[in-house]
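Next come two complexes built around subunit A: one with subunit B, the other with subunit C.
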Partner chain A sequence: MTQVRDETPVLDVAGLSQRFAGGSGHFWAAKDVSFQVAPAEAVALVGESGSGKTTVAQAISGLQAPTSGTVHLAGQDVVRLARTRRGRRDLAGRLQMVFQDPYSSLDPTKPVFQLVEESLLLSGLSRPQRHERVAESLDIVGLDPVQHARRPRELSGGQRQRVGIARAIAPRPQLLVLDEPVASLDVSVQGQILQLLDDIRTRENVAMLVIAHDLGVVRAIADRTLVMYRGSLVEGGATPRVFAEPAHPNTQGLLWSATAHGQQAMPTAAKIALATDAAPLPLADTGCPFRARCWRRTAECDTDVARVETEAHWFACNHPISASEEVADRVDVTA
Partner chain B sequence: MTDTMPTPIQPHPTPRSVLRRVPPIVTVASAVAVVLLLWAVLVPLLNPADATAVDPARRFTPPGPDALLGTDHLGRDLASMIAVGLRTSILMALTVVAVSGALGWLVGAVGGYVGGVTDNVLGRLMDVFNAFPGIILAIALVTVLSPSYSALVLVLVLVTWVNYGRVIRARVLSLRREEYITASRMYGTSLGRILGRHVLPNTGDLLLSISLVQIPNVMLAESTISFLGFGLQPPQVSLGLLISSEKDYLQTNAMPVLVAGAVLVLACTSIATIGLYLRGKER
Partner chain C sequence: MSTSLLEVSGLGVTYQTPTGPLAALDDVRFSIGAGESIGIVGESGSGKSTLALALLGLLPTNATTTGAVRLDGVNLLSLNRKELDRRRGKDLALVYQDALVSLNPVRTVGSQIAEVVRRHIPGTDRRAADETAIEALRRVGIPDPGRRARQYAHEFSGGMRQRAAIAMALAAGPRVLVADEVTTALDVTVKAQILDLLDDLRSTEGMSVISISHDLEAVRRITDHLAVMYAGRVVELGPTADVLSASTHPYTAALMDCAPTITRPVISFISGAPPKTAAATPACAFAARCIVSAGREACTLERPVLRPTKAHVTAACHFPLDGAAEPRHHDPIPVH
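Our next item is the complex of A and B:
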């Protein structure tokens, strides 16, 4: 799962920044975000609410042009493509999105078959070719023909999300961007959808960028995990490695919070620090974005952050938690 | 592979389960509307073609076998006159509603979807039309244009389209944030296609319920304007004209005015009741 891939990446995000106007002036919703996704690789983007995950996903999908930085999909400039309708048609053949809300993402007035076909309407395929693709995609996601004429209202949440996934895989994209694909589903259904996504990845050879706040979801599906805090990526690496040996205090905090066991194991100093209110940082800030909530912070963190990079793991922290450290807290979220 | 624990699925509403939930007043209103519609369609077919011709010899015939409701002061068969008047009214209302619905939908949908300057300009336009007192504007305009069927249709469109525009715009403002619209945009779908494929079907319920409220409004406005002499002109037949021409005989022969008035009121209230019920159900 963690073999080094030397092919050209499907997705190449470089220096992506997005500035928004907030309550108290401007802030970076995404700040110098750079990462790549290899063909057929599944990468997870995790972080607390408001950390900028959706902002990054929207820039990657061409829904919102970034303030600066570039996004390349198989060598093509997404930002430029997304500017024209013709470009978006091109883009839709390579990149598809699965939305969080299977209610809002499906037109309630259309039957399942038509809903799935919409992603192919401008693909240049003939009608019979489209119909064949739609039937095939619906078969892959496990919706039998009885359900093809149903409308979203007549489907369960899990079935709706299957329709959304079928629609996204029908154009045979190289990259699927999934923004919280299971967050709105029953826990019992979540596992099935994750399994389905994993099957699709191997079967269709499609790369995935999965956004999730639930670390269990990430563990189940991602080869690699990126952790985001306040617009910045703070840690990244092979999923098992990041989960077993988190180096950044933010990652450790997320892991602690993920389980009841972890919440108990959390040292008091960390508990207090993590619960601190953190004001937005000024645009020109160069220090560590996590410092207001960090229990390992020193004076140097106010101005600089060191970036440490090893083969399967990197992090941006001056005082990372080392693997040998006696942490009462190494908790496996799936344990 | 199916989900073991599906979230609750809304069942297909069966005709019977729908009927059971309809309040009695709406059932009555629907029945009245159907009866009046049948009257408008069937009575002229059953009666001789010249039943609405002027025939001084048959002046004020009392109700009987060859004139079910009697005749008016010109000897015209009252039941037939009312049927033809209803037809005129309904056809005009449908025409007006079709045109103003299309216009209002287009302005509301484009403004709400596109937003920005376009929406500001279209919104201002709707404010202007909304500020006019409907029927007075209609009378003023139709007088300027000189009374005729098409002039009446035109002015009624001008005073009703905003009712569609405003409501449709409000709905589209929330529709455009739906993820299926976002998805469609991502596929490179054109504005026209998005409006036709997603916005129109998802505003169909509004078009229906607004129309059911606008139809009686238009029928009433047409009758009023015709009654006042600014609308349809004889020999055209309209409920308003009928009431107008028979009002001088109210003391001696009240039947034509009473029946025509009652039919107009029943037609308008029954359709409005259905419309208001549907509108209430949307919330």
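Our next item is the complex of A and C:
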């Protein structure tokens, strides 16, 4: 559960925007994204494919400078840190990322042990201390010592993903950014890794920003959930609340789609609208990004979108679904 | 299964590693007919991708293979490189677990797909191949495919890359598609679209699908048979619905109870780890983690072989579950 913590946030993202060239003009892959993550809090970022989740993760990690906006990690400006070697060292000690493509993010020529050790090279630890921490991290993610000398291509997909996680936890960062950390793992190993992440979070006070398509995974580990659509955050709040009483039609659509039952229960109007192929939005668009797919849209959605904020829940929609409304197959989270 | 198009028998793969040989597959056997589909699920590291690579003759040089993989009666394992190259793409195509492995970073996505088309469909001119490539991207649900075809892989999101890799594998109209985790990290809507497409190609073109996946729901939807792997061996085999809804192997049953769902947000897993290598021990590889065995001697003394456990289903277990269908999650098997 989320408590409102009055500590300084570990992560403070304000007005983050990322513009890309996309063949027939520019578009916002991230548009005015703002949110915070408190110490030891787990926040999930969900949204359909191409909605901008990885773009946000990369800007936060200092891998790609945003077009505009700021990212502060424990009060420090990430974009500025990422510019210098010293800054990057500082950043690596505080923030680590697990990438969506475990294979291409690992140097294929290096053995596992060295790959993990690399994330500690800037840490100031002595060699024996590093080796101890590497062994410990590999043990935590369940990689056997016989695998330590292997190179990435000699490992299974799930084992590579665990190398990525070991690398990320080794420097004991304050924030872990995890892009689909368990999608390539079987459900049992998924459970192990989720449990592990949860343990690390409580034991070492690490905050997490988790990107995942699997809403079951999100529900199991995230205190708070943010929903992204076409570059914009459209809803956010405590996970049980967002799952039980989604206000934004996009969120409701994701939840319906997540179960066979929900797919059947989905009203026809919603089904048709959600399947619409939406054209790219012009840069200067001020309307609701979701309108082309929305079954509750009115003319005002073309130009404006209202933001509603309550404690523990906010959303950007002119015609939000209210908690009292009859909604087919609303998720029961009392269980 | 009916008359088989592809038949795998006694397939074994051993990797040479710095710490000695590792038996990644041992005595794997199954077959698949035209237009049929089989799902392969199982523990991470149990040999699923190794199986995929073995089927296409793409194993790395540190691997040795035994057994046979027959397509139309021809043992693919005995073909030379050139003969295999000719078959790959057209007879059998693979979608790799890591989409980026199949995509060339310095060429546009569209041109790579067009090249596959031209290589395998003789007489296709450049324009027609480009159009086929765009159509292939559209079929896998990439919005605005004409524009996307001119972009590079790094300009695609993770899910789009995955779909582009699928489009490339499908471009030459393969008879057998080996799909390694193709719907991983796709959102539900896109996933449904891909699964529909594969289903469609099965029924209209008679394409056979071997689908490796951790996603039990996806497997349930598109495969008619299922092989469950554990430590390099098939431990349960049968019609998908029968195996998933009422598993007879304790590993399958335990696996089924691990999936977190929206309404059941509990983290569960099978405690312990699989043995390092399958072939080494005379025991059941799952014995140490098995709650059904609970330390019974047979499990550690003798390796179980696949035998019938209920109608149409075989499992490698000394003490199989009865596999009577019962509602799951109400009385889950405790897994830890």
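The working rule: the second predicted complex is superposed on the first by the 322 of 335 C-alpha atoms of A that agree within 3 Å, B and C clash if a C-alpha of one lies under 4 Å from a C-alpha of the other, contacts with A are read in each partner's own complex, and residues count from 1 in each chain.
The working rule: a contact is a pair of C-beta atoms (placed from the backbone, for glycine too) under 8 Å apart; a residue touches a chain by one contact, two chains touch by 3 or more.
Remember, predicted model here, so these are calculated numbers, not experimental data.
Trainee: May I ask you to name which of subunit B and subunit C touches more residues of subunit A?
Mentor: Per-residue touch count on subunit A favours C.
Trainee: Would you check which partner chain A:Ser188 touches, where first means subunit B only, second means subunit C only, and both and neither mean what they say?
Mentor: The answer is both, since A:Ser188 touches subunit B and subunit C.
Trainee: Kindly classify A:Glu118 by the partners it touches after superposition: subunit B alone (first), subunit C alone (second), both, or neither?
Mentor: After superposition on chain A, A:Glu118 lies in contact with subunit B alone.
Trainee: Answer with first, second, both or neither: which of subunit B and subunit C does A:Gln159 touch in the superposed model?
Mentor: Both partners, subunit B and subunit C.
Trainee: For A:Ala220, decide between first (touching subunit B), second (touching subunit C), both and neither.
Mentor: A:Ala220 sits against subunit C, while subunit B stays out of touch.
Trainee: For A:Asp107 in the superposed arrangement: first (subunit B), second (subunit C), both or neither?
Mentor: first
Trainee: Touch test for A:Ile169: subunit B only (first), subunit C only (second), both, or neither?
Mentor: Neither subunit B nor subunit C is touched by A:Ile169.
Trainee: For A:Ser61, using the defined touch cut-off, is the partner it touches subunit B, subunit C, both, or neither? Pick first, second, both or neither.
Mentor: In the superposition, A:Ser61 contacts subunit B only.
Trainee: Return first, second, both or neither, reflecting whether A:Pro280 touches subunit B, subunit C, both chains, or no partner chain.
Mentor: The second partner, subunit C, only.
Trainee: Considering only the touch criterion stated at the top, classify A:Val37 as touching first (subunit B), second (subunit C), both, or neither.
Mentor: Neither partner.
Trainee: Which residues would you name on subunit A as touching subunit B in one complex and subunit C in the other?
Mentor: 101, 104, 142, 153-154, 156-159, 186, 188-189, 192
Trainee: Which of the residues in subunit A come into contact with subunit C in the complex?
Mentor: Residues 20, 22-24, 47-50, 54, 100-104, 142, 144, 146, 149-150, 153-154, 156-159, 179-180, 183-192, 194-195, 198, 213-217, 219-221, 243, 254-255, 257-260, 263, 274-275, 277-280, 331-333, 335 of subunit A touch subunit C in their complex.
Trainee: Within their complex, state which residues of subunit A touch subunit B.
Mentor: Touching subunit B: residues 61-63, 85-92, 97, 99, 101, 104-110, 118-119, 121-122, 142, 153-159, 167, 186, 188-189, 192, 196 of subunit A.
Trainee: Show which residues of subunit C lie in contact with subunit A when the two form their complex.
Mentor: Residues 15, 17-19, 41-45, 48-49, 60, 62, 97-101, 143-144, 147-148, 150-151, 155, 157-161, 180-181, 184-190, 192, 214, 216-217, 254-255, 258-270, 273, 276, 335 of subunit C touch subunit A in their complex.
Trainee: Within the complex, which stretch of subunit B touches subunit A?
Mentor: 1-10, 12, 178-180, 182-190, 197-198, 201-202, 204
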